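Here's the structure, in structure tokens; my notes come after.
By letter and in written order, the chains are A, B, C and D; residue numbering begins at 1 in each of them.
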Amino acid sequence: MSTVIINGTVVTATETFRADVRIDGGKISAVGLNLAGSGDTIIDAVGKYVLPGGVDVHTHLSMPSFGTFTCDDYASGHLAAVMGGTTTHIDFCIQPKGSSLADALKTWHAKAEGKALIDYGFHVAITDLTPEVLQEIATLPEQGVTSIKLFMAYKDTLQVDDTTLFRCLEQARDAGMITMVHAENGDAIEILMQEAVERGQTTPIYHALTRPPQLEAEATGRAVAMAEVLDAPLYVVHITCKEALDRVKDARAKGARVWGETCTHYLFFTKSDLERGEFEGAKWVCSPPLRELEDQAALWAGLADQSLSVLSTDHCPFTFATQKMVGRDNFTLIPNGVPGIEERMMMLHGAGVGGGHFDLERFVSLTATAPARLFGLGGVKGSIAVGYDADIVLWDMTQEHTFTADTNHSAIDYTLYEGMKVTGVPVLALIRGEVVTEHGQLKAQHGSGQFLARARVG
Amino acid sequence: MSTVIINGTVVTATETFRADVRIDGGKISAVGLNLAGSGDTIIDAVGKYVLPGGVDVHTHLSMPSFGTFTCDDYASGHLAAVMGGTTTHIDFCIQPKGSSLADALKTWHAKAEGKALIDYGFHVAITDLTPEVLQEIATLPEQGVTSIKLFMAYKDTLQVDDTTLFRCLEQARDAGMITMVHAENGDAIEILMQEAVERGQTTPIYHALTRPPQLEAEATGRAVAMAEVLDAPLYVVHITCKEALDRVKDARAKGARVWGETCTHYLFFTKSDLERGEFEGAKWVCSPPLRELEDQAALWAGLADQSLSVLSTDHCPFTFATQKMVGRDNFTLIPNGVPGIEERMMMLHGAGVGGGHFDLERFVSLTATAPARLFGLGGVKGSIAVGYDADIVLWDMTQEHTFTADTNHSAIDYTLYEGMKVTGVPVLALIRGEVVTEHGQLKAQHGSGQFLARARVG
Amino acid sequence: MSTVIINGTVVTATETFRADVRIDGGKISAVGLNLAGSGDTIIDAVGKYVLPGGVDVHTHLSMPSFGTFTCDDYASGHLAAVMGGTTTHIDFCIQPKGSSLADALKTWHAKAEGKALIDYGFHVAITDLTPEVLQEIATLPEQGVTSIKLFMAYKDTLQVDDTTLFRCLEQARDAGMITMVHAENGDAIEILMQEAVERGQTTPIYHALTRPPQLEAEATGRAVAMAEVLDAPLYVVHITCKEALDRVKDARAKGARVWGETCTHYLFFTKSDLERGEFEGAKWVCSPPLRELEDQAALWAGLADQSLSVLSTDHCPFTFATQKMVGRDNFTLIPNGVPGIEERMMMLHGAGVGGGHFDLERFVSLTATAPARLFGLGGVKGSIAVGYDADIVLWDMTQEHTFTADTNHSAIDYTLYEGMKVTGVPVLALIRGEVVTEHGQLKAQHGSGQFLARARVG
Amino acid sequence: MSTVIINGTVVTATETFRADVRIDGGKISAVGLNLAGSGDTIIDAVGKYVLPGGVDVHTHLSMPSFGTFTCDDYASGHLAAVMGGTTTHIDFCIQPKGSSLADALKTWHAKAEGKALIDYGFHVAITDLTPEVLQEIATLPEQGVTSIKLFMAYKDTLQVDDTTLFRCLEQARDAGMITMVHAENGDAIEILMQEAVERGQTTPIYHALTRPPQLEAEATGRAVAMAEVLDAPLYVVHITCKEALDRVKDARAKGARVWGETCTHYLFFTKSDLERGEFEGAKWVCSPPLRELEDQAALWAGLADQSLSVLSTDHCPFTFATQKMVGRDNFTLIPNGVPGIEERMMMLHGAGVGGGHFDLERFVSLTATAPARLFGLGGVKGSIAVGYDADIVLWDMTQEHTFTADTNHSAIDYTLYEGMKVTGVPVLALIRGEVVTEHGQLKAQHGSGQFLARARVG
């Protein structure tokens, strides 16, 4: 009646050791030597590494944006995720202006209905802080949502003002929630964009040039200052540059409850990718934009020295052929976002562990343990430990994989990592003890993924 | 027909030397040895130091604020200034909402009419940036105004949003003007103030506690980031704390055109002065608020190492007996501002030069040469050099002075420096070659002060 | 034949969960639910936390210093350690000048012989780098020693010059070893001490005043710079002040292989403790000296934000009544060092976890998992995981303990923490599966502790 | 009997104005309008700028080094200096080991005898601090020497240890002197050089690669820390990189009496110049070595924001054809040093003022006023002010000049700036009122330059 993974090498955020893993009722019941008994279902992991399934806390599936929707829904997005070794994600539920948060959550629950392959939770992005909504924040934890998100950019659509940000940080703190921010100064960016367009500067590179790093560092510093003043927990998403990272570090050095993530693409690409010809640069249009090589170096060091806690994807896919193409003559119309939900773990493993930036335990921490703990999934997701959900991925660290849009599982028509080869591939994934993928084959049914009610945090 | 100051020791921002100073037509015509001729009016400066008259670029005379007006008009304010060795100031002309800048300037010109004793200019504080006002900015230099001011605090009254700040920085840059900012996050402060009052925390100390240094550093960083992005000149007024100063220094180290000032009171008082009993703390209520001893140390070092360029007063006087008293039961009603126009130079000399923080030349730079140069008065005000206006103050560096409200010349009923004794006193002041004060006696007529049309800057 | 700890709550550096722990052959063979079988030896941990035994990587037992020996030998020192929850330590083996490293190790092995209660390893401190000794470094790993230590202070006794430091860093790097430094500028300190004594400044406070933090930060920066240039692994011991910590952080932010520790006493005491009357301040004389409250705050934040990796003791005990008393009339003769091997874990738990600085998992990391990993004991010590030595301590987090010299187990006649009360006490300790202490009673024989041959690191 | 410079535009460190300059007895007696009288010698400066002659506080003429002597003596070196607009320099008098400082000064006085064209002073570089020499330091001011220099690099020749550095800083402080340091870690560099040579890495680029910036920043931090601890004045010569500059800034921000200079070549060249073919890179071999473009940017910003106080040359010329050639097969034998005494002012003016980094006043401060003041020549050299020596240079800011070894005046056979064109040329130089050069023609006799006994400083 049990499932036992035998002969593998288990990796947690701090240990690597040979052990079997026993699973009962979807949860890990033991980690030890010689656990297989007669009657057990055996998964032989000989020569493989047994890692916790990835936790991606920054995704946008079926999200309305730029007059369209991100091109992955919970079916295709989840398939891509789990093929890449990710078994849990937390998606952004965006409050439509005028709507209650409860209604927004209802809409997002419906998106997942019948499609989910992996387990999922929601962050609620607040865009319209009426007095009613301010009160409603405190009700979110009982609905399983313990994080909110605020945009300091995207003027006139998602952007909130400082009054809203400050009040939300305070309210979230009191409710046992963590506040996430997209930190860029949207007012200044809006003007720079308008001016660029007026000057006829309409190609994708101007997306980066109108969102300079100072405006990210500034907004990061602003959110951090508010968090310090309020002693409120804060999570800065998609940090891209040295200066913004420095703001997070300074706050942490003063004992503030502040954490930061970066995303896969900021480690592998730079501003210059936006200059690729034939409008191809549009594929790399995301916000904040790609930066410089020295910023990449600072981010890698930050992942290693633990000043960055999490590596997520900000998976926000728009097709090149149709969706990105809308901005052909005007970069401000290019939907902002890049795909990456499938590549995250393999790319980080290949370049991060393979490249000597950090060890396998740190890889596990960045991709699974830390994000789970920070967002109220400690004890449930993100580790190979007794009592945790048996979300387990077997990795073959000798196998190679070359990324290409053709074989990727997202609904999108390109990958940023086209033709890049990595060593280390997830070959089997279990969620709550059930095999979901095996050697690239889907073994589970859409709808098997479950909503995660997360614990209070901070 | 000439006036010659003989036997004195001349001090400029970089030199100290024995020389006579000849004055013709209100301007310095020569600095040299044995300049006195027959028929000249002789001023014997034996044993005295001959310094350029002080330039105070941050004052608020007859300014409407908190439902009242600052208690010094151009008569009493100028008298206090010149008794303290200051012969030029630049006052803030505040745009009333809905008004044009030209109308605001007209109002301010009228305030000075017939009252001025010292020369004066105006910064225009923009509070309502309509498209018309945005266009109007470029017309200011031809009206002799080459600096604008924006408030990032004082929600719902003076505060502007980031769109306004960014546009103004850009417009001012293009017009050859410098932008000044009051850097505090007004949104967050407003909430903190409301919450304090709701909790019954109504005494003056809560003025400081609801305006924590992080919110000043944040706003400073925000303005600096915008200035960097735009390559626009920026002047951060009244820097009070180490963290805000660091933002200015970081920008300067990257080559940005950013400068900072601090004000006299931040060097001598701390937050704890707000806790003085019998509501006396209200006398020290100003924004940003007083900070800590370590901030004082950072400011002194900044004045010495030239990361702070200017020492000004932010003279903004409200009487204790009536005006400050309005906030007896609610600190948010206490008019924000402290006096200091008379004490600035003597206090800075006594503690700065006397205390070994810097030399007399640096004192001249901080109080006269640098502010004049930064605000378009280079070649006219702020130095003892040929062709400059003969705004000259003789200092007796052996004379002592004790500050007390009784003998001060401001219309206010208190001084922060009550009972403090300094060594080094201005004993004679000339403006454009005319004696205005001598040994504490006024020698000129109100109305003799002139408006200064300033040159473009940046 | 197995031992099973049942009903406890297991804590690792990243997880806390309910599980039994099975032990076979001195090693952990399984962590899981319901592991107890018939015939097993059962340890009931109901209501207790099951933590890895502490690993203290900075101790000085029976060490010759200041013309005497530290007053704890491997018997009393180990007893104090294990009573405090520490089951492994790495002691400093000091090369006598003129001696080979092998001879020094022989001497240190003899010190442990027949006395050891807990497992132990050695760092070799190099004081005399002859060409032969330089060659000998590469032979240390095969003797189970994979770390060396260099003193940048203690002029004319332990101090090495920069040539030695640089060569050792390089040699150690090539041999798979990590280099530790005591970072203070000994040349400058020696002069300051002489001058103080010449001026008659002989009381304990002058110990701190002649070792200012700048000289620690300087030396830290020097060692870090060398490590960066050589890409050599570096571990900075006993960081005491913000400025030194900043040097470590800056290096880590550039991707250098640099780590830092602080020690218990720097978190709880300040320079002012050296001014305690009746020469009592001498009890707090250690190097680097105690600092200021703001340094304490920086260290606590560093432990939380992971810029400090380890909390160790620098246990270096000298009796007050006789050994410290030698410096009664001259602080430079006071033996440098303080006790703490017994208090470390309880104090850090009480104030760190109890005081809200970090959680229990971080406590485990700082006191066991991280030091074990950094010093070549990963997979063996420092965690509750399959295959690890069963060095396990049961903690009763509700029990209180008050420190007092009378009941402490060290041979020393005082404790810095006299009268301090903490909540959270280790009530049972196993080493390699054997019970060593239970409720304050020793259950094992001296001589049962084993030497640890450590793996290569870096 | 007077000389009067008429019709020019006078520039000081803080003012620019139209005025005549009268000279009597070699000193400036007046600056004013219409100063020319009958019988005066008139110099018409119409269309010209009237600047103080340059003060170069870092030169090495006829200095023994690397088994040879720098190729400019006081005749050729002074000619080159004054042709470039420099009228005062302070040269390094190097104590031979075993010698007294007085004897070293005697040697250096002899070098200047009969050759000097410009005024000169000496810094004494201490290389051998015997107890006698330590005492002798206090006698230097009465010999007109108020600055000492210490080398932290050049192992086994010039390098001193930390004990020497610390004692000298203290002794100099007490004697009213300033201490200068060459800040690089010579111990580490010596090993890196040996290892490079052993690996066959012998070309000039390895000069830079074996002197990495971390080792300069380290040594800078070390000297700065000592200066802070002792409250001793410190001047860090030839700062080349951002990290070293940051150390100086941090100290200044804490109020320390610390100043820094950079040198011309660090602003115009990078490490890559050492890779020029045909051994030409050897021409750029100096210590510290050339760095990166980002370091150049930091230095330019430092010159502008006043964190760097002085721009000097470190003129230390060795001929390419013979002297540099000694290191053809081994970079460690290449004499360290580059020429620049003639180019300094024109290059800094052309690129600094012409390039928009700062204004003409700042140029005057960096090249004349600040170095004179810092080294005890305030009131005598470095400004156009009454009582100052009439060391005056007329600049034609419209004239162009192209540097080439053929027309340069140094005895060296190359210039780093070969073929570079600048706008702004010194066309006439007076020293103490006497014309020394006019339109490139020498008008004075060798021997006319005078030794400068400098005042105490700090």
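Note that contacts are C-beta pairs under 8 Å (C-beta built on N, C-alpha and C of every residue); 3 or more make two chains touch, one makes a residue touch a chain.
No experiment lies behind these values; they were computed from the predicted model shown.
Chemist: Between chain A and chain D, how many degrees of rotation does a Cα superposition need? Round to steps of 5.
Modeler: 180
Chemist: For chain A versus chain D, what separation do you get between their C-alpha means, in angstrom?
Modeler: Distance between chain centres, rounded to whole Å: 55 Å.
Chemist: Let me have the rounded angstrom distance from the C-alpha centre of chain C over to the C-alpha centre of chain D, please.
Modeler: The separation of the two C-alpha centroids amounts to 50 Å.
Chemist: Rounded to the nearest whole Å, what is the centre-to-centre distance of chain B and chain D, using the mean of the C-alpha atoms as each centre?
Modeler: Centre-to-centre distance between chain B and chain D: 38 Å.
Chemist: Every touching chain pair, please?
Modeler: A-B, A-C, B-D, C-D
Chemist: Show which residues of chain D lie in contact with chain C when the two form their complex.
Modeler: 161-163, 165-167, 170, 185, 187-188, 190-192, 212, 214-215, 217-218, 221-222, 225-226, 228-229
Chemist: Can you list the residues on chain D that touch chain B in the complex?
Modeler: The contact residues of chain D facing chain B are 10, 12-19, 22, 24, 29-35, 249, 252-255, 297-298, 300-302, 304-307, 357, 365, 369, 373, 378-379, 383, 385-388.
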